[in-house]
Amino acid sequence: MAKKIQILIVGHNENGYTHEVGKIAYETGAEVAKSGAVLITGGLKGVMEAASQGAKDAGGITVGIIPQNEASFANPYCDIVIPSGVGLARDFLNALAGDGVIVIGGGSGTLSETCAAYMYKKPIVAIKNTGGIADKFADQYIDHRKNVLIIGVSTPKEAVQTILEKIKSNTT
Amino acid sequence: MAKKIQILIVGHNENGYTHEVGKIAYETGAEVAKSGAVLITGGLKGVMEAASQGAKDAGGITVGIIPQNEASFANPYCDIVIPSGVGLARDFLNALAGDGVIVIGGGSGTLSETCAAYMYKKPIVAIKNTGGIADKFADQYIDHRKNVLIIGVSTPKEAVQTILEKIKSNTT
Amino acid sequence: MAKKIQILIVGHNENGYTHEVGKIAYETGAEVAKSGAVLITGGLKGVMEAASQGAKDAGGITVGIIPQNEASFANPYCDIVIPSGVGLARDFLNALAGDGVIVIGGGSGTLSETCAAYMYKKPIVAIKNTGGIADKFADQYIDHRKNVLIIGVSTPKEAVQTILEKIKSNTT
Amino acid sequence: MAKKIQILIVGHNENGYTHEVGKIAYETGAEVAKSGAVLITGGLKGVMEAASQGAKDAGGITVGIIPQNEASFANPYCDIVIPSGVGLARDFLNALAGDGVIVIGGGSGTLSETCAAYMYKKPIVAIKNTGGIADKFADQYIDHRKNVLIIGVSTPKEAVQTILEKIKSNTT
């Protein structure tokens, strides 16, 4: 099997994005790359761009799955662009493309991706103190079904280590 | 314009569904039908089926947009079935097909539909005391963007009246 | 089961559309309505609009499944609009929403819908002498798999009768 | 811009696939890899698998966009799997993900991808004498709109050279 481990990072687009969260996203992207996994993001700005830049600077491979039908809408740090053409429903494509998901801050789009990942029972971690959805759902289940616990973590390094452990225990 | 007003009702599938919530869903579906609007649902069981049955019993038209690619997966109270074939990403189709959304209880799927509706700035009301997502988000915004307030209401009648007012003020 | 029979009519949008083909589309839509079936179309102009107008004038119910995410892009003869938001991939939604398909003329979009219907093994008829895809594929299979023969017919009435027979023999 | 050139190869799945066509697909995948472009395929068997294997053996990067929602359905030569979860509508995702398309033989699914690419005005080449759709549409337009000519070529090398020229002239 040629397939590499694929990790999805989700979080704010430009709106709601801060320099501090961007730094965390950059480092998380770099950690994904260092682990040898492929980084998947929604391919746009904010956390998606910062994480992709971090992964590229660390020598990784980056994929951006965007709502639009033209690759030119993606940020410049995506090696591969999937211009889905399905609008915001691409949130479900993102969730399915990740073997596991790391949540950094985020708003309604991030929550939609997190719900999708939860319904498909993907491992999910949330980096605490990044605000938004990450803090709202860290260490919680999204609903009474308790599909997967959203594991709260403290650092980019811990995020990637934890998600890799969960992915590996899923596939063995 | 032949187009009728289209109201989406979202809530639990079988899992998490109670008799009490079913009664509210049935009545809300009936109120939608009495208003002359078309009822849109996710076409499966639980709240979706109860609302559709209520609408049919009140002489309305019902549409079920389902994840599967065969109409036979829909509940028996859908006049028209859209077997989307796109899996759970059909949550976005539901949200787009509703001119407004009524939330009754609900879990992660309901939350995903609510996020989709919120991102597309659709009017949203939640019937209080139905548990799950409806109670968690009634009278709140999903994120800092404050796209649309999820208006908490107390009864099926109030839900339909409120959503119709919001839909009408959107289109004038 | 409340579900009505759903018949998809496909054909040219404005580009490639002629008055003559429009008349046939109008009559075919009317025949669908008279049979009691729901008319499904792609909801835009050309054949889609003419068929929908015919169905409305004959007292039928019409559904338009459009690529865009706003109902206002649909033609004015759709009772129900499904603004899919998935771009041209909505061709697959159309094919799945039809229990059978009637092809009238048509270009690449019509061919894409016909391929989708063929892959999902839906009954397909093509009205001969309407040009484009209808004439190119009437009485033929799309490929060596011979999933379904595209049955060539001569009139709107024959188209609807034939597709109804095929749909009924599929479900019994 | 980190983005690499992305070339989509389309053709038969297992059904309709021959050893001879497989050899051509393998060589075409290898040529894509040697050019430095990323290979996109539908990620399943037949031409998709042979092309992916060729690209891997030549040191390239391969992406498989599959209809299912689990990566395990992909062939073993995909570095990155996009389990779209949208069923056969993934044909549109494939077409959008390719900056250009190479058609090798193929049936109704290949034709659906070719129509999608044609509607989105992507450069398309067809390798002649590979049967099916490639031979049926080589050196032709799909419809009267004449969006893009499907350029007939004779060898894998010519296919990749031609598609790269067309992609480059599109972006300058």
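Letters are used for the chains, namely A, B, C and D, taken in the order the chains are written, and counting of residues starts over at 1 for each.
As a working rule, a contact is a pair of C-beta atoms (placed from the backbone, for glycine too) under 8 Å apart; a residue touches a chain by one contact, two chains touch by 3 or more.
The structure displayed is predicted, hence computed values, not measured ones.
Asker: Where the contacts of chain A and chain B overlap, which chains show up?
Answerer: C, D
Asker: Pick out whichever of the two, A-C or A-D, is joined by more C-beta pairs in contact.
Answerer: Pair with the higher count of C-beta contacts: A-D.
Asker: Nearest whole angstrom, what separates the Cα centre of chain A from the Cα centre of chain C?
Answerer: Spacing between the chain centres: roughly 40 Å.
Asker: When the C-alpha atoms of chain A and chain D are each averaged to a single point, how far apart are the two points in Å?
Answerer: Taking the average C-alpha coordinate of chain A and of chain D, the gap between them is 28 Å.
Asker: Do you know which chain A residues sit against two or more other chains?
Answerer: Chain A, residues with two or more chain partners: 69, 85-89, 92-93, 120.
Asker: What topology does the chain contact graph adopt: line, ring, star, complete, or other?
Answerer: Basically all the chains touch each other, so complete.
Asker: How about chain B: which of its residues touch chain D in the complex?
Answerer: Residues 69, 85-89 of chain B touch chain D in their complex.
Asker: For chain A, which residues are in contact with chain D within the complex?
Answerer: 1-4, 6, 38, 52, 56, 61-63, 65, 69, 71, 74, 76-86, 92-93, 96-97, 99, 120
Asker: Would you pull the chain C residues touching chain D in the complex into a rising list?
Answerer: Its residues touching chain D are 15-16, 86-89, 91-93, 106-109, 111-112, 115-116, 118-120, 132-133, 142-145, 147.
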